[in-house]
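Following are the structures in question.
What follows is a pair of complexes built around chain A, which joins chain B in one and chain C in the other.
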Partner chain A sequence: MSEKFLSVKDLNDHYITSEADVWAVNGVSFDLERGKTLGLVGETGAGKTTIARSILKILPNPPAKVLGGSVEFEGKSIYEVSEAEMQKIRGDKITMIFQDPMTALNPVMTVGEQIAEVVALHNGGNKEDAKNRAVEMLETVGIPAERYVEYPHQFSGGMKQRVVIAIALACNPDLLLADEPTTALDVTIQAQVLDLMRELNRKNDTSMILITHDLGVVAEMCDDVAIVYAGQIIEKGSLEQIFDHPSHPYTNGLFGALPSMKDDEDDDRLHPIAGMPPDPTNLPTGCYFHPRCPYATEECKNGPVPVKELAPGHTCMCHKAGEV
Partner chain B sequence: MIRYAFKRILMLIPVIIGVTILIFTLMYLVPGDPVASILGSDAEPWEYEQLREAMGLNKPYIVRLFNYIVQVYVHLDLGQSYLSGVSVSTEIFGRLPRTLMLGFISTFVSLIIGIPLGINAAVHQGTVHDWLPLSVALLGVSMPGFWFALMLVVLFSIKLGWLPAYGMGGIQYWILPIMSGAFHGIAMNARQTRASMLEVLGQDYIVMARSKGMPERDVIFKHALPNAMIPLITLMGGILANIFGGGMLTETIFSIPGVGYYMVKAVNQRDYPAVQGSVLMLSIVFSIVMLLTDLVMAAVDPRVKAQFASRAAKKKKEADA
Partner chain C sequence: MAPMIEVRDLKKYFKSPRGTVHAVDDVTLHIDKGTTMGIVGESGCGKSTLGRTIIQMIQPTEGKIFFDGKDVTGLKGRELREFHSRAQFIFQDPYSSLNPRYTVEQTISEPLINSGRYSRRDIDKKTTELMDMVGVAQRLRLSYPHEMDGGRRQRVVIARALALDPEFVVCDEPVSALDVSIQAQVLNLLQDLQKDKNLTYMFITHDMSVVRHISNDISVMYLGQLVETSPSKELFRKHYHPYTKALLSAIPSTDIHHKMNRILLKGEITSPINPKPGCRFAARCDYATEKCHEPQKLEEVAPNHFVSCCRVHEINPELN
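Presenting the complex of A and B:
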């Protein structure tokens, strides 16, 4: 495969308002192979959703501005195609699952219509086909076809997320951007929804970017993992590399903040990461993590931070990568 | 749904009877005397007493109220004007079409101008499409309606001489009254549409619609507008009521022989049957408008509809059990 499936290079997004300039995404680059799942992991406000939305070019402008970078999808540069062409890609080739199913569906439209709508937008407007496909998708996600005519308020949260998934997968997309698809759901429904997504993705050979802050979900779903902090990818690698050899102090911190079931720990307390995520309107100099980093030295406080390759495919953005 | 509509219509009955009692009581309490205004100030006291008795005004409040209610609801008679002796219902039904026409056309104009302005302002937030109409709208909601009507007369009738200042006749007589009636409504509609559009455009389901690859035009008209209309429908009832209420001023300023004009004249002359009859008619019109608003709301918003449905289902369940 000569051309890459998805390649994001040096993406920079800011939210510019009259009060402040928010540095949401600061030089993010990654590649994704066809059929693989990449996990974007990070705290709330780290810029994960902004990354996903800038791949689809649906950031609200104003206030959001893409200041630089490129997104190449199947050899096409997303930032060079026209809006009309982008509309053909959205919903058909690249689709998105939203974080909060409660607000992602239009309250005055039946769920069936909302699924059929996306199909009709991309099949040349054949309403009959679109309707049949919508019924089929409802059944695929485990909702009886007769509920086609019901409205979102008649569905539970988990059911609504199934509808959102049905919309996202109705056109057999090549790339699925799943923005915290299970965060708003309770744990048992989470497992069902994840199973459903995994099964459908495997069936259609869909690639996925899974945005989450739940390392458990990552372990279950992803091939590759990228850790996002303050709008940068500070560490990325395969699932095994990240989980077995976390190298960035922040990644280590994330694992340290997980409760452990083992008894032989020295003490049974959690180790949360000290401090707060940085204010994106006023990021620290040098390494963005240095004010919270237990290993920070003088060189971390100023100047650019090198990206080191620790193993093939495993990179880490830290002066001390591989040492701590 | 039909059952709900029927129930709402039944609920109009106590409202209208309540209005009848209220307006009767108010007119009873208001100072002034119809007898004095009929006879003039130089009448003899015995003449005064005689007429007062003949009109039944010397009876106690409760008896007069009872008589009036029987007269209106049993004999379906609104009585005769004290001054002209003409039947109040004849007067009102002759005038009502003009008042309704003025009210509905003004409302219609305020909708077809106000809503597009509001949508355009919301879609182009922060640009000249936004602040220019919004500044005018702010003026519109702040300005007293009668003053605006007078300014229209000054400009178009007196200075420019394009349109007649008052009276009835061809279409040119309607333009100024409708303009003055609709301006406030346009301003209200534009502001409300903009506010609710902006709120809706920030919702996740709008981002979702965009992520489906839908052209922006369709996102606005198919997804945003139906949702933004819901608070507007509620507002509509209020705007219509406002326009009918303001219609009294408009009719008086432009000398349009409508119900409002009749009512103002009747109030000044303490012509009780005429005042009571016109208030009653206008309140029936209001009630019907409000009822229609609620029904439209239920038709547009499935969540509201579901409330009625579930309430009806619950009742049925209770009845079965």
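Presenting the complex of A and C:
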């Protein structure tokens, strides 16, 4: 099962406007195996969504520009295929669930039609089959078939997100990009939706990239984790490696800033990360985290930062990886 | 300790074309001086409406609110203004609760000017103090909200709320729009201010880890009703209401070695419009029987631990 399924190498994306050059993604590389779930974790503006969008080639250009790097999906280079071929891949092989179910759906089309539309586009246009498949998908995600004819505004937030999931999974994709799929939902509904996604992924052997800022969701859903800061993956490893042995000062900072749910811990005060995330139009030299890092020394302020392998599969981009 | 806030049988109904929305239905609670009461529940359960009614931004349909021992229900005019200088509100969204055309200085000094208590020079001095207190640099004095990030904006909102030295502050999801590292800064600030000024907080949130961290007591709401109230730490160890059990089990945990047994709820929250009498949760509850459709009472099942469920003893044999 270790075939190269998805391989992203040295991805660089900028948003270029007349006023500024935003360094959104700065040399991101990772691999994903078939059937696995990778969590991309980071704070607002870290570049998580831009990474996902450049895999699907749906970055708005202008202002976004892919300055370098490659994305290989099932042995094919995404950046070399034609737009026509890319359209076949999108929705069929790779699909995306967007963060906000309220805006991801077309308000003037019934939810059933929206699912059937995707299916018809990829199965050669047989309307009858598409409709049957849409009904089947609605039931799979727990929506009664008779709601096929209803419009998005007649659904609650959790139900809308189920419709979005049904659209994304209607063509049995190989790779699902889920961008904060449950952030807009309440916890009990989030639990239902995560459960549903996990079950469907297992059944169809779908791989997933799950973008989130919620470490709890990552713990529940992911096999591997990549921590994103200022457009770089600063630490990456299996779920156990990252959660049991977080090594980058930023990763440790993220865990430290969370209120503890454990009884035995003295949690009188939280430990925020000092300072603010850097301005992507004006990134610091050296390690992008050094102005906020309690362990920063002279060598961190300039020059490239090495990526060290701490254990098989566990890498950390830090001069002091494994020491702090 | 005397309660800072006491609420008795509070009801807030809204008329709508489709019927009456029971946003807050018969809520009774009290908050001791210098402590924090966390109000948790899902979207639409009435937690914000409860906060707004207590602070008298909207008038209750029925029930009484006591502030520092005094009945403040239905205050008007000068008395209401007086009350509002002692009881304040921090809104959820620092992006929309600041006037985009006001500088930091104008925003923070506005309540000082309106109160009529201060001279021009005192206002300047007090504004400087407030900015220092919440950790907003003086160089941002003439900045506009759009020039600041979410964390700083929320600090400005806090400074404005505390300008007139209130004793009681309702914080409605004050950190929900912030990233974790910034969230921790703001939560620490709120706790430091509480210690310094002996503030009483009502802290409304849907984030269980945040509420556990900051509250002394927690009340769980479901569709306008209070289902369980308990000292904060205890609630996470022992919870007796079926909804509380489901809610707490649904929190994604960062502990990858101990998986919680999840109780998945059936269906979605039901409508608060013209609800049936009795327990609102009964429609989704595994334990629901006939008597759940009769009005429920809050019962003290352990010291300071109240549950509103007629079957609480049957479901939790350990209570007997």
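In this text, the second predicted complex is superposed on the first by the 315 of 324 C-alpha atoms of A that agree within 3 Å, B and C clash if a C-alpha of one lies under 4 Å from a C-alpha of the other, contacts with A are read in each partner's own complex, and residues count from 1 in each chain.
The criterion applied here is as follows: contacts are C-beta pairs under 8 Å (C-beta built on N, C-alpha and C of every residue); 3 or more make two chains touch, one makes a residue touch a chain.
Everything quoted here is computed from the prediction, not taken from an experiment.
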Applying the touch criterion given at the start, work out whether A:K88 contacts chain B, chain C, both or neither, answering first, second, both or neither.
first
For A:I58, is the partner it touches chain B (first), chain C (second), both, or none of the two (neither)?
first
So in the superposed three-chain picture, is A:H153 touching just chain B, just chain C, both, or none of them (first/second/both/neither)?
first
Could you figure out whether chain B or chain C reaches more residues of chain A?
C
With both complexes overlaid on chain A, does A:S77 touch chain B (first), chain C (second), both or neither?
neither
So, A:N172: does it touch chain B (first), chain C (second), both, or neither?
neither
Please indicate which partner A:T281 is in contact with in the superposed arrangement: first for chain B, second for chain C, both, or neither.
neither
Identify the partner contact of A:L105: answer first if only chain B is touched, second if only chain C is, both if each is, neither if none is.
first
Looking at the overlay, what does A:E117 touch: chain B (first), chain C (second), both, or neither?
first
Along chain A, where are the residues that touch chain B in the complex?
53, 56, 58, 60, 62, 86-92, 95-96, 98, 100, 103-109, 117-118, 121-122, 151, 153-154, 164, 167
Going by the contact rule at the top, pick out the chain A residues touching chain C in the complex.
43-44, 156-159, 186-192, 194-195, 213-217, 219-220, 239-240, 243-244, 253-255, 257-263, 267, 269-273, 276-277
Residue ranges of chain C in contact with chain A within the complex
42-43, 149, 151, 179-185, 187-188, 191, 206, 208-210, 212-214, 233, 236-237, 246-247, 249-256, 262, 264-265, 268-269
Interface residues, chain B side, partner chain A - complex
126, 203-205, 207-215, 223, 226-227, 230, 300-303, 306
